[in-house]
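If you scroll down you'll find the structure; I have some questions about it.
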Amino acid sequence: MARIAGGDFRYRFAEHRGTLLAAAVFLAMFAIYGANHNAGFSTLVVTTAANKGVLLALVAMAQTLVVLTAGIDLSVGMIFVLANCLASQFVVGDALETGFGILIVLGAGLLCGALNGLIVIYGRLQPIVTTLATGAIFYGLALLLRPVPGGEINYDLADALTGDVFGVPASLLMLLGIVLVIWVPLRRSVTGRAIYAVGSAEAAAYMSGVAINRARFTAYLLSGLLAACGGLMLTFVTYSGEASAMIGGSYTLNAIAAVVIGGVSLYGGAGSAIGAIFGALVLRTIGDLLFVFDFDPLWQPLFQGVILLSAVTLGSLRLLRVRNRLDLFG
Amino acid sequence: EPDIVAGPGAEPECFAPWAQDTKYFKFAPKPGPYRIALANGFIGNTWRIQMIKTAKAYAEQPEVKAKLAEFKVVSTGEDLAAQLAAVDNFIAAGYDAIVVNAQNPAAFTPVIKRANKAGVVLVAFDNTLDSDEAINVNVDQKGLGIYWADWLIKNIPDGGKILEVRGVEGTSVDRDRHEGIQETLAASGKKWETVEVVGKWDDGTAQKVTADAVAVHKKFDGVTVQGGSTGTVRALMDAGHPFVPVGGETENGFRKLCGAHGGEGLKCASGGTGPAQVAVAIKTAIAALEGAVVPQSIRLPLATTEDPNFKDGENYYSDQSDNFFVGNAFPTCGINFTAQEIMGQSEQDQ
Amino acid sequence: MAFDPIFQMEGIAKSYGGVRALEEARLAISTGRIHAVLGENGAGKSTLIKIMSGVVQPDAGTMRLDGQAVRFATPKAANEAGIFCIFQELSLIPDLSVADNIDLADPPRRFGLIDRRTQRRLAEEALAKAGAEDIHPLAQVRDLPLSRRQMVEIAKALARRPRILILDEATSALTAGDVARVFAVLKRLRAEGLALLYISHRMHEIEELADDCSVFRNGRHVASYAAGSKSGNEVVELMIGREYSHVFPPKPPLPQEGPVLEVQGLGWEDRLTDISFAARPGEILGLGGLDGQGQRELLLALFGVLRGVAGVVRINGHPVSIGGPRAAKSAPLPMALIPEDRKTEGLMLPMSVADNLTMPALDNLSQFGVIDRRREAAAIREMMDLLAIKAADPAIPVGALSGGNQQKVVIAKWLMLGPRIILLNDPTRGIDVGTKQEIYQLLRRLADAGSTILFYSTDYDELIGCCDRVLVMYDGMIVRELAGDEITEHALVSSAFSLPGKAEVAHG
Amino acid sequence: MSAPPTISPGSSPLSRSRFGTLLARIDRPVLAAFGCIILLLLVGSLYSSSFLSPDYLLQQLQVASFLGLIATGMMLVVLLGQIDLSVPWVVTVGGMMSTAAAGWGPLGEALAIPFGITCGAAIGLANGIGVAWLRVPSMIFTLGMNAVAQGLMVLRTGGFAPQDHATSAMHVLATGRHILSIPNALFVWAIVGAITIFLLRRTTFGRAIYAIGNRERAAYLSGLPTRRVIVLAFMASGGLSAFAGVLLAGYSTKAYQAMGDPYLLPAVAAVVLGGTSILGGRGSYLGTIAGVILITLLQSILSVMQMPEAGRQIIYGGVIIAMLLVYGRQKRQV
């Protein structure tokens, strides 16, 4: 039994290696950042970092769910933007109206996710193409809703969620809540495991009697929901809505990068949303480093590009250990 | 927070109030030299890069340099949240003033609050803020539309078919310029038909959509283009479209063409405010820090030139890049950059 | 049969696109019996059981379970009716743990969430039932060797408490030891009153296990009979529908030329240690021993696929260092490797037979990278005739061929290169008796033509029947060399289990 | 006898259809795409008859040529089962570097075009190495390279190449119409296209691309130079994107920041609408041609119809989905 127990640890570690690595990288980078910031780790600095980190983290979680099914979602950014525009319209007024507005926003996210899911499952189109197209549609809707930037939000709620609770950023607590309410149960549920199975070996999963379509659908559904949560949060941070293709695009792509840095396999079936969250925080911290180190503004884009490239290339160090060339192929 | 005081303010000819009822700010004077930051958003286009170069050129000018302990520029890219975070960081890091070119004018309410609480002077330009809590250095976008429309009305005696090449949809700038044009044309009493296409302020896009419009509608009597003016005129020339009056932005390339073909009927009105407005914003910030009384909303003069006044080396530079934005002179503020001064700024020096 | 059947199929028909996989097929199985299904590749065995287990839907026909007519829309439905299948193509999820896989479809739950502890316990029980206690329930399936995975597959089925258990060539990847254990399990299950359906190309397995047999040919049911009521030859002839004899071609005396392939002190990681042997032209050199003792690694090492290989390899006396398949093709004597898994390593299933055939030889069929269509076409025709590849048209996807013909394509595509050293990695796995015979004869022809053949097989009869010499490997070392009539089942088995210390290590 | 890759069958390993039906199925996407083009023009002609006028159509083909070059490179990469997200800034690199070269006196003037293309190919080389040797998923590596390319351009030029004016050669190539008023750009695309078709159908390189796209492991064990092929494909993609950048610079007589941004998603969409499987291993260049023309027309017609951006986006997405639902669905597994 001792053998097994000893073994257990090894296996469990192997399972979470990616996540742990991402977490370590983030902590290191953030330490450097704080150490060089005039204001150090003051509440304002941390809260500021948290607020923008959580935005990307939520979208990255959304991306993770689809990537786990061996798909890719190019529309998360646009769902994010659409939710932002909806929120700037409906999340206002007294508690009741606000709550109702939030339901509208999240519901819209679910609808978008459902649409993606249905097209991928019953239309049998490739996820990447499907979401490329639906992304355009979602953006169009956002633009209908908000021809020009503006709108408003329940300011008390916004301040509460972008502020801090006894020095702990409220946005982080919200993220924690979402992880506990959505990710953790999913990870341990049958459907959650089915999502991994589908991503890892669809045919085998089907033969084993796994409910493939339900798994896929759930993944897209929750992906839409999480992206909408992100959009909601964006509205709290910006007090307004904007139908910006630029923002949508950059969040989609950064989410993919975050997912990879977070140790989720783009081939599906392996990885965790927690890892993706840390991946997102790593990406954000790259941006912050620009602030504390005195880069010429015209050097900044190059610096960010190089760091991003190195971050995603880090994984290929494992190649050095490959002894059987066949292991090089997926 | 600044005190709200009665006008008139300092240097009224430069810091011109937006309207009669514009309120004035007076910040508690601070001893210099100052730490000033420029929180830029997107950087990947010509206008923004020239703006940053101009800002640095201005900060390098001796009399300005003397007043600055530090001038820091950060570009946060497309992402609005990142720009807001940058402003918050500057506040936290105790900068005296922050100059922003907002990704989205509506979004700054929260940071303005925080800035005012921390006694930091916040000055917005280009994309100004929908707020009267911070200083806005405004270009009269609608006025620009009116300016172009008037030019067409003046040059097309009895109305006709106008091609309007619009900017990036969903932005207030595009909306204001568009309204300025349409309202003026409508008010002119002449008969106008306008065809709208979206040029996204991008030469390539503008050129493509113009070409399409010409291929389909064959002939226009006049053109207005919010940006990418060079591309639009190129498209007309490539399509062999006869030269007609054009109201466009202040790209050097546009003015080059106007200068070259003015004789052949390409009657241009080139107007806008170049990236140099960042200099006015910085100047305003310094003034505010020194305790001068400044309007909350400043109206920038438009830098305009019409046919036949295009002069090489004066209001355009045939030896310079087409992409260069020319309207860099604000004489009333003692600001006048030649292309060389801006281009001279090499990337390395900090 | 005396027993009244628990499950019956009548007049089952199924065709894929143009291909008729099954027509008028029928089958009846009873509890407490092991029913063997025999047939050539493409006879329709897998299709039949895919229909039984709800993976595909029949075009026509009826199925009865306990007398009631049934239809299974999905594998799930079949499972709920107590029918479980262990497929020829594995149905495991590589990225999940063994435990996760074993109760993939309906794990133990608490408050709607998966109960890890119970799951762990059930997994250990199931593994024990299948006689595979050595597998750690938390290990990722991805990290297990093929034979271990096959055991997990079996454990997975047992964990579901089946009424009818189907094994479609479930043993084709197993080592002798595992096969013995599985057989014990199957016999116990029979005793417990399960109905078992067993598909294998291994006659001796069937002879050992089966109570009833049904033979299929070209998608039709040709005969059902009680086990042992027919001689093996009759059986085989039923299967292949023609005269059947001389399975293995005669072994000519070896030409006494010097060795073309010499290996000295070859080692790799901890999987291969101090391998030394030499092979002569015209020789078929077998690799024996339990599965996974380094035979595959040895072949890969020679083919240049492994990194950091120690030792010397000489071809025609020249030391060579081969950096990969490409280099192997252009070695002093061209080399070919018939890989283990034809579906993922041998073929591009969706591409046409033609494209697959010419893949390795493209360089020879082209000038400055431009393919010479005429020569290509000729080469393809030649190969298809040489190996009698049954394909309606070389332009159809190779994936549409049956296992045997696919395997022929894998071999043919390398022969096109005219290799002088041929490495074969268990080439007859899942191949029917008739095709095997063809392959054995082909190998001998190639040897007689002067090629040197290194032949790894999980199957003793093959080694005995085909090889001039056999190197028995254990734990990455050559523990014994058998030549001529030393090569007996007994010698192979005994030396396979022997420990490195005891056996006198033979150096070629 | 041997099947040209253009009729290599469905992506599902289990597909078992016969040769005849095969041909039919494979041609369908291409036919459907061309069908949609006709449909689109007819719909357009309801708005204005000039959508059918030759000079409008030639005009569209000229603009389509730019996208066509990019989509060609993208297709090669997609056939490998990869994707190239570095298109936007590689296009810009092509434009800026060629115009920059034009600044170096007569020699630079002459070498402007090849130089621009070379710079693009160089980035493609980096992409290829990242994917083939470092084995980073192309989805993410090319994304990073795109950021790096942007950084380099912003830095190198600080917004303006010291010389960012296109050479007359570039201008002529992009906008000239010398032979019976057919745009030169169209000839450029035609030539590149012809070469691509030849490569894909007749050469070992093409065969290797399809093989790798289907199963890299088997291709490697068959002794194909998988890495070299992958790198070459990415270099081709980079070079062609840069070439498009060169032409775009010639088209608007100058290079400028972010000039490639509008081309990434349309390129992917065009390739997929043309029936190429995004998973690799299957697709025909004819389809890509159809896809490119389709996308170009769609954008142009919607814009000329003065459809507001919102509507344009929704229709654009809707049309892509609708068309793929008509013919782009892959067969169900098992």
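We just call them A, B, C and D in the order they show up, numbering each chain from 1.
Everything that follows uses one rule, which is that a residue touches a chain if its C-beta (ideal position, glycine included) is under 8 Å from a C-beta of that chain, and two chains touch if they have at least 3 such contacts.
Listed by chain with UniProt protein names: A = Autoinducer 2 import system permease protein LsrC; C = Monosaccharide ABC transporter ATP-binding protein (CUT2 family); D = Monosaccharide ABC transporter membrane protein (CUT2 family).
Just so it is clear, the structure is predicted and the values come from calculations on it, not from any experiment.
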{"item": "Minimal step count in the chain contact network, subunit C to subunit D", "value": "1"}
{"item": "Each chain counted as touching subunit A and subunit B at once", "value": "D"}
{"item": "Pair of chains joined by more contacts [C-beta pairs], A-C or A-D", "value": "A-D"}
{"item": "Euclidean distance of C-alpha centroids - subunit A vs subunit D, Å", "value": "30"}
{"item": "Centre distance in Å when subunit B and subunit C are each reduced to the mean of their C-alpha atoms", "value": "73"}
{"item": "Between subunit A and subunit C, centroid-to-centroid distance (C-alpha), Å", "value": "43"}
{"item": "Separation of subunit B from subunit D, taking each centre as the mean of its C-alpha atoms, in whole Å", "value": "36"}
{"item": "Subunit A, residues touching no fewer than two other chains", "value": "143, 147, 203, 206-207, 298-301, 325-326"}
{"item": "Touching two or more other chains - residues of subunit D", "value": "150, 154-155, 158, 217, 220-221, 309-310, 334"}
{"item": "For subunit B, residues contacting two or more additional chains", "value": "43-44, 49, 169-170, 347"}
{"item": "Pairwise chain contacts, counting only pairs that touch as defined", "value": "A-B, A-C, A-D, B-D, C-D"}
{"item": "Complex contact set, residues of subunit A against subunit C", "value": "4, 7-8, 11-12, 14-15, 185, 188-190, 193, 196-197, 199-201, 203-211, 269-270, 322-326"}
{"item": "Subunit A residues within the subunit B interface of the complex", "value": "37-39, 42, 44-45, 48-49, 51-52, 55, 143, 146-151, 158-159, 162, 234, 237-244, 246-247, 249-251, 284, 287-288, 290-291, 294, 296-301"}
{"item": "Residues of subunit D that touch subunit A when the two form their complex", "value": "83, 85, 130, 134-137, 139-141, 143-152, 154-155, 158, 216-217, 220-221, 265, 268-269, 272, 277-279, 309-314, 316-318, 320-321, 324-325, 328-334"}
{"item": "Touching residues (chain side subunit C, partner subunit A) in the complex", "value": "55, 74-76, 79, 85, 87, 89-97, 100-101, 104-107, 109, 112-114, 116, 136, 138-140, 156, 268-269, 297, 300, 305-308, 324, 345"}
{"item": "Residues of subunit A touching subunit D in the complex", "value": "72, 119, 123-126, 128-130, 132-137, 139-141, 143-144, 147, 202-203, 206-207, 253, 256-257, 260, 266-267, 298-306, 308-309, 312-313, 315-316, 319, 325-326, 328-330"}
